[in-house]
Structures are given as C-alpha cells and as structure tokens.
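Two complexes, one shared chain (chain A), two partners (chain B, chain C).
Right after this comes the complex of A and B.
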C-alpha cells in the first residue's frame, strides 16, 4: 500500500503562486466556455429573433439585434398559407422515425456480430464498416441514386429511408458494438448453459442490457435524418414528398428573393422537436458515446 | 448424475496448444478439483466439459455418450462463473427461474423449486432484489442457487470464490460442499488455490502448461507427489528443495551434501535407479526439525532468512548453501533472522526427484 503524505496548506497564503494559477485557470476556462456558447447559441438567437421580425426588418442592411416590431406573422404564414408545411413535417417524422427504428435493429444485429462473432473476416469487416462511415455523404450519393433508380425507389419515402439508413448503420453498428463489448461474456454463457439459443440470448439477455445504447443509436439516427438536407434534395423531386429542411429551402428561397422571416419561423418549429428529444436523452447519449471506455459497470 | 470421461483432449488457439493429452475419469457424484497456476489450462478444460469451448482433438463422454458435438444447453450441466454471470436486469427469483422456464416447467413447479433452493442457501429474503443490490457473498449464493435449482447432472464451478474475502471464502467452501452433498451431482471445481483444492476435493487434478501432472486424493498428492512441480505446488508453506549426491555403501544408501549424510530406508533407496548419482531432494516443513546444536547424521546448517509467526508455531525459512528450506518450529523455540541453525530430518520422509525431468523416484 502506498501512503501519500498529506501536508496542511500554509495559512494566510491565499495569494500564493498555485492559488493564482488556479484562479487564472478558472478565468481561462470560463472565457473558453463563453466563446463556445456564443458560437453555439448566436445562430439560434438570430433564428428566433429573425422569425419574430416583419419582412422589411428581417432584410435591413443594418440588422437589429432585437426585433423593433415583434410580429407572429411569419408563424401564422407557416400554418395558414399555401405552404405544405404539415406535409413536410409528416414526411420528416415518418422517414426519420422509420430510419431510426430500422437502423437500430440493423445496427444491433450487426454490432452484435462484430462484438461476439467468431467468423474469420470479423476484423476486416469491422474496419470496412468504419471506412464506409468516413466517406462524405456526397460521395455516396451518386451510387445510391443509381441503386435507388434501378430499384424504382427514387422520389419515394422508402427510398429516402434507405438513403438515411445507408449512412446511419455503419456508425450505429460501431456504437452498438461498444455497448455489446461492455456486456460480460459470462452473462451470455450463463444463458447458454441455461439452454437458450443464440437469438433468444440476444433478445432476452443482451438487448435489455443495452437499452441505453439502442436509445442513443435511435436518437442519433433520428437527428441525423431529420436534419439531412442533401438526400431529400437529391432523391425526392416533388414538393409533396419533401421533408422539412429541403421543403423549407425550396419554399422560402426564390430566384430573386428569400423570405428570411418565414424560413426562420419554420426553422424554429423544425428545431423544437430535436431540442426536446436531445434534452430527454442527453444523459444516456453521453453514456452511450463513452460506452466501453470503462469496464465492469 | 453423470460420469465424465476425457480422452486425449486437446485444445489449440491458432498455433498455440493450450491443452494436450488430457485423460481423466470423473466418477458419478465425485467432487473433483482442477488446480494449477495461471495459464495451466484448468479453466479451458472446465469450459470444454461444459461445452462452451470446442475441442481441437480428443473425446468427451458423459456416461458412455460422446458429447463432443452436443450443445452446452443439452448437456445437463450447470455452471458457476468466476464473476457470477448473473443476469443484471432480472431479480434473484428471475435469475434462478430463467433456466427452468427454458425447460418448460409449469409456473408453480418453478416457484416451488426456486423457493426450496433459496431456502437451502438462505437467500429467500433477497428473491425480489436485483444482483447489484447484493453483496459479493450474496451474489455468490445466488449464482450457486441458479446452478443447483435445475438439479443438473454435472455441476461446474470456475474459481467461484476468488472474488470473496478470506473469511467469506472459508465459509462458502463449507457451503459449497454442503450443497454438493445435498444435490449429489458430479462436481468439477477450478481453482488456483491449492488449499481450496486440498480442503474440498475428493480427488485433485494438478495441471501445468496444458498438461495434467497428477490425479489423486489430497493425501496422495501431498505424500506421493508425482514430480517436483506437484511437490512444490501442493502444501503450504511449499516443500523445500536441495540437491544431494547418492552414496551407496554396504551399510545402505545415503544422500549426502557438504558432509551431511541422510540415510535412506530400503524402500526409498530402491526407488532411485542404480545409475543415478545426483537427485533433487524435497523436504516438507513439518519433517524438518530445528536444532541449535546437534551432531546427528542428517543435520544441515543454515542461516535464518525469515520467520513467519502463525500464533501457535513458526515457519522458519533457512538458507542452506543457497537453497531455501522451510521448517516448522514450536512457538517456544525462539529463532531470529540471521541466526545460525541446524536442521535435521528423517530419511523416511524425504522425496527424491530426477534432476532433469523432475519426476519423483519414490
């Protein structure tokens, strides 16, 4: 056993060098956090503020920080005019939810195979999956478009869901692999000794122990799909099948004029469900992203 | 209830052979302990018996049925894991009932069996708790309960006490033996602790580097170790070793070293082949007497390196020309570090080993 000698701090030396260093460190940290917060929150503030400004004020050359004339007209326009906002929202919810559910299922099965499989190509396959995840979405878009075209899935919501799944599953598999790695092997072996087949062990023992991982993966896929702009813009070509981000761009951006107020109001409404979802699961999300770092939980 | 037979069992991981030439017969109801240092292959052998690890060669029989290709779930074995392996998301009751459910038993029968087992192990008040709400000892009991509730033919235990403190370990040893008597299944128990092996096993299998070194009762292993490794591994403190020359005269055979002579009785002398002139000699601590002064034939002198106080007696570690021998001394025989002492022994109790292979002569 090691015994560390403990020395009492000298009294009356609050302004000693270590104390000063600590205080400086604290100030530095506070400034760094403030700068990071500014970059994170300023666009959000600008979005909310602009959404409350009338059209003229929103496009002034000398922008106002606070709306001079607070108005709800942008929000009213969103729900009352000819804009198919409702259908955008439904398309977004349906595709993001479907992508999340299917991706969670596929990621769980794939991640389990990567974590516990004994097949010869397990390691190369693991790295291939990782490499697939590193490719930019734009690179995948061309081949994906052709595949969906051949499968007659271009301009359909299922086609869009397939697109979302293609980028979500590689990351989801690795995320779930981390969770499965953290499940002690003895627990699974105990179930084998108890007489359960592999698939029942997965569903009755392993998956219940990785529920935070399933939620984390699901939320991640939902957020990524919800926010995705490039896939719906490429894979969908009729406005009634568009999702929120692409629909809003197409609706509020004209050749000569952009309705910033309307677009910001729509953005606020689009962002709200994400914020709620994120705050609801942020604790398990952080745990999910660090799973496997510490053994024996 | 089952008899287990292993024939030429072999296990290979990629190119490394971790088990070889393992032949073993375990009788019905027997409690057999596999013991050996880390990496000796004892856990691998247990997992092969369980069916959790496929073999690379050889055969495993339960009674007279070859079970090489029988899945673990169909072997009627139960296992207690080193880290318990309890299902964290289930209550103690559910943990114990999980295996019974798989066998399709009716609900009331499951309840009866779980309650009876919980009663046997004193875990009835904890049936509704989750494993994380239990202490190490309680978890161990639940793991035992989960294993015996199914009334298996073979009961396998993989270092089940290694996570418990010394006091609890002694208590649980007795409890496992009690449980074994109650269920009377064939039990195979893995440990690296030779005291656990000596106190629990009907028979002990000593393993090293993937090979079975010796199989026998605790007394057998202690009194007639098959080789130097078993001799040094079984017994606390360990047997001390020193190298001696074999002198054969008309009066008889003697082991000599630096002028010290230990006469060997006829049966010990006869065991040493006539062409062998040098042997390794093993001496158990209780067979070495500490003496301040003596002119006995079988007396060697050395310097005390360490004294271990055990309450009623001492263990005295003596350096004899570079070899460390251990002697047991009564409490009233005051000995201190750096004292010069003499050790005497009776030739009837020395063990002799081949200097190269380590195989015992007697």
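Right after this comes the complex of A and C.
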C-alpha cells in the first residue's frame, strides 16, 4: 500500500499511456471477477429458486428465472411419510458427529506421539499414516464389509462410523501431527523447568495451543462423513437407517427422478450445515493441508 | 547384554517417555483394523475366484485375474476415464484458480467479501452438486440447453449426462465447479506469502502487470501448485460420490472410472476376486503418487 505514490504518474494526467493501460487492466479484472462470481453463484441461485417453484413450473422447457408462484410445498414434502428426510438428517448428524469425536480423540493422542514421541518407528509410521489416508475407500470396501458382517455391524449406524474411521483417523493423525509440530518445543521445556509433570504439560499447555487444530480436524471429519456416499450405500441396506446422500439418491429415482423441486429443496437443507462448517475452518484448513508448501514460510 | 542396554536407555531419564509413545496405539489399532487388514485381504482375494453370493469359499486361481484384466477392454476404458477425470479436472480448476487469485490479489477492505463468495461452491455437499448438475444439464428441462438454444448455439437439446460423448465432460465440469475454490484459496495464500521486497525490487525495475505475474509471481506459486494438485489428484482418483450420483458410470461405461468399476463389480456382481485384482493394480498406481507426495512434503519442510 505504501508504494502507491511511487507508481502513480507524477503529473497526474490520466490520459498518459500507462494510466490508460492500467485502467484497461482494471476493467479486465472487474469483468473476470464478475464472470467468476456468476459461475460460482448462479447454480446456487438456481437451486434456491427451483426449490420454491411448484412441480409443473420446475419442469417447463422455458425456465422462469424467478418463481411465478412461490410455494413451500417442496419443503413440506421433505417431512412427509414418503420421504424419511428427517431420519436421513438425524442419521447423518449422529454418524458424522460420532466419527468427528472419535477421530479427534484418537488423532490428538496419536498426533502428539508422532510429533514428540521417542520410539524408533516414529518416522516410518508417520509416512504409513500419510499413505493410509490416500487409499481408495472402494478397495477396502469388500473386506471391510465381510469384517462388519462377522461382527454383525452391517446395517447399523456404529458399523457406518467404523467405515468413516478409515478415512478420518489417518487424516486426523497427520493433520494433528502438523499442528503439534507447530507448537515450539521451548514452550514445553519452559513448563518442564517450572516442574510441571509431563501429562499436565500436555493437557494444560500444549492442547490449549492446538484448539484450532482439534477444531479443524473435527470439522473436516464431519464434512467428509456428511459427504460420504460409498459407505452408507454399501454398509446400510434399509432406508430408515440411511444418511442424507445415499438416502436422497435412493429416494429420487424412478418416478421421482424428475421431481426437481423436491430435489432442490432437499439440496438447500442438506447444504446449509455444511456451508456453516466450511466457512468456520477454511483458512486453518488450507494452512494444515499445505503446510510447508507455501513459498516463504 | 540386551538387558543392560535396555536399563541404560531407560536410565537416560526424562528424555524418554514411554507413555507418550504408547499414545499412538489407539489410533494405530483403528488404522490396523479398518485399513491394514482390508488391504492385506484385498491382496489375498486378488489371487482367488470368489463370488460373495455363491456361498462357496474363495478358490485360488493364481494370476488368472490379472491376465483377464490385461485383456479386458473395460480396463483400458476405465483407465482412460480415470485419467481424464483426474487430470482434466485438476488442470482446468488450477488454471482458473490461479487466474482468480491473481485478479483478486489487490482486493482489500469491503470488497474482500467477494473473495469469500467465490469459495461457496466448495461448501456444497457432493450429492447436491450432483443433483444441481443433473437438473441444469437435463436434456428436456435443463437451463443449459434452454440458454444455448436461445442463443442459437444448438438447434435441439443435447442429452448431456446420458450421451456417451458428453457424460464424462459434464461430470468433469461439475467437479471443476467444486474444486476451483480450493485452488483459488491455496494460490491466494501463496501469493500473499511472496516477500514484499521481491515485488518492490521488480517494481523499481518497471516490471508491471502481466510480466510481473509471469516472471516474478508464478515461480513463487510452484510449490503450492504441486502440493495442491497432488492433493486433488488423489481426491479425484478416489472420487465416487459425484460420478455415481450423476451417471452411475454410464451410459455403458462412458463415465466409469476405476472406483465406479470396482464398486460395480464388487457390489452389483459381487465378483470380489476380480474386483480385488483391480484394486491391487490401482493401489500400485496410487502408491506412485503417494510416494511423490511424501517426497514433496519432506522437501518442503
């Protein structure tokens, strides 16, 4: 900001060539941003607008930009007995929260050990954990299904949480290791010199410093679980135990395949919690994901 | 001897804290049960013939599954689709992301909220993305066909998601829509981290606009670009929800990637032997990326 006087043309004549070029650049930028905003937001506008249209209007060949008759019927339908949207939502919330809590606990413990531990396999195990989070879930799915079948956990919500753990814990441990690594060792040393026992240092000094990390890990796991389709589709086989993604896909088939109003209303309600979660963590998320990758850090 | 060494190591006192090391166990145990065991079992099943519904035990068949795989035309089609979906999405999304990061770089004060608005698609659940694109790209009632027809680009509706030509590009478009904000955010962070004196020095040398972006700023984005692309490559490689919810891999196998193919084999034909063999080949492919990624991170830190 302080350089503005240097770059401004000293005589202040706006007709000079550089000024004209700069103005053209500014117009170009404004257009680029406007186009980007349009593509980012138009689909969402379309979703909300369609969710307020009656069924016939949503399937017109010449779509109306604004609903001609605004109606709440699509939202009311969500909670009728034909579509157990309420139980989808409850199942999604319960399983995503359970996965988040369990993986935050395991990741905080494991991440701290991976960051500060003294065992010889610390580094190899760290890389195994990193690789484990990249494994394609679908490859694990067959054996995992057989395993849950033996444990009589197929078609139960706890079984689904076990599935979510397979991506949540490796990712969480790696993320938390990064957050613990960022806590300066001097902080712990200082507390140790003051005579605090080790476990108190962890709970009173280190954990409070990594609250953003714990929060990011939990929210991330919540989002991934909320988004996951492949596990509920395979591990759950009755509609009343289904989560939102799988439940909605299974509900809007056959004659309901073109119930666009209903689909968009369900979409609006499914998007809201995730929108809140995302904006809560977007910044620390990127920092955690790309640690060390951003130049100059 | 070993006892003495052990005792000595223990006596090194406050440096060594076994209880701290043991804290890794619960997490490792979970990973062992839900990841390590299934991976080992996948390798084992890949050398057998096993239909989960048949009630028969897996029958060892050696490398039959892998030989069948090499000759399976669907394997090559799925490989091509996976490559297009994975790298196509990343290339387009990264390009748009870097341009947006550059043009919004100077936005300060009140207009900053526009940057946040640009991130919204990232927050939309995958199943909703799928529903949205199914609706917008519907042949009869979709807004895309309506707009293109009104503009005179096309005479009649294109059957986007149900056409063998357009299904995959449309799915890629949906994926680009959700992933561009991630690249935008990462590149914005990387731009903000360029040391001020570098920019100042270039300014003094009368470097401006496009030259500044290309010669000075882009080289600084290299690392961020590499890591962000690898993350999204791996995420696309494993993506199931968007493709399945939009096309189920169809029509035919036109938009079937590896994930969708394995899913179809394992959970609609219950052919766990063959699907495990595909899983093994695919694990090996993915490991190549994983190792590259681990190296990158190690070098970065």
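The rule we apply is simple: the second predicted complex is superposed on the first by the 209 of 297 C-alpha atoms of A that agree within 3 Å, B and C clash if a C-alpha of one lies under 4 Å from a C-alpha of the other, contacts with A are read in each partner's own complex, and residues count from 1 in each chain.
Heads up, the rule we're going with is that a contact is a pair of C-beta atoms (placed from the backbone, for glycine too) under 8 Å apart; a residue touches a chain by one contact, two chains touch by 3 or more.
Treat the numbers as computed from the prediction; the structure is a model and nothing was measured.
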Touched partner set for A:194, first chain B, second chain C, both or neither: first
Touching partner for A:62 - first (chain B), second (chain C), both, neither: second
Which of chain B and chain C A:152 touches, first, second, both or neither: neither
Contacts of A:116 with chain B and chain C, given as first, second, both or neither: second
Partner chain in contact with A:129 - chain B first, chain C second, else both or neither: second
Chain C versus chain B, contacts on chain A by residue: C
First (chain B), second (chain C), both or neither touched by A:184: first
Touched partner set for A:209, first chain B, second chain C, both or neither: first
Contacts of A:258 with chain B and chain C, given as first, second, both or neither: second
Chain B and chain C footprints on chain A, overlapping residues: 192
Residues on chain A engaged by chain C in the complex (per definition of touch): 1, 3, 6-7, 18, 21-22, 25, 28-29, 32-33, 36-37, 39-41, 43-44, 46-47, 50, 58-63, 105-107, 109-110, 112-114, 116-119, 125, 127, 129-132, 134-144, 146-147, 162-163, 165-166, 169-170, 173, 192, 198-199, 226-230, 233-234, 244-245, 248-249, 252, 258, 260, 263-264, 266-267, 270-271, 274-275, 277-279, 282, 286-287, 289-297
List of chain A residues in touch with chain B within their complex: 184, 186-187, 189-197, 205, 208-209
Residue ranges of chain C in contact with chain A within the complex: 14-17, 19-24, 26-28, 30-31, 33-39, 41-42, 45, 52, 96, 99-100, 103-104, 108, 114, 116-128, 130-136, 138, 140-141, 143, 146, 177, 180-182, 185-186, 189-190, 193-195, 200, 203, 208-209, 220-224, 226-228, 231, 234, 237-238, 240-241, 244-245, 258-259, 262-263, 266-267, 272, 275-276, 279, 282-283, 286-287, 289-290, 293-294, 296-297, 300-301
Chain A partner contacts - residues on chain B that touch it in the complex: 50, 52, 72-74, 77-79, 81-89, 98-99, 102-103, 146, 150
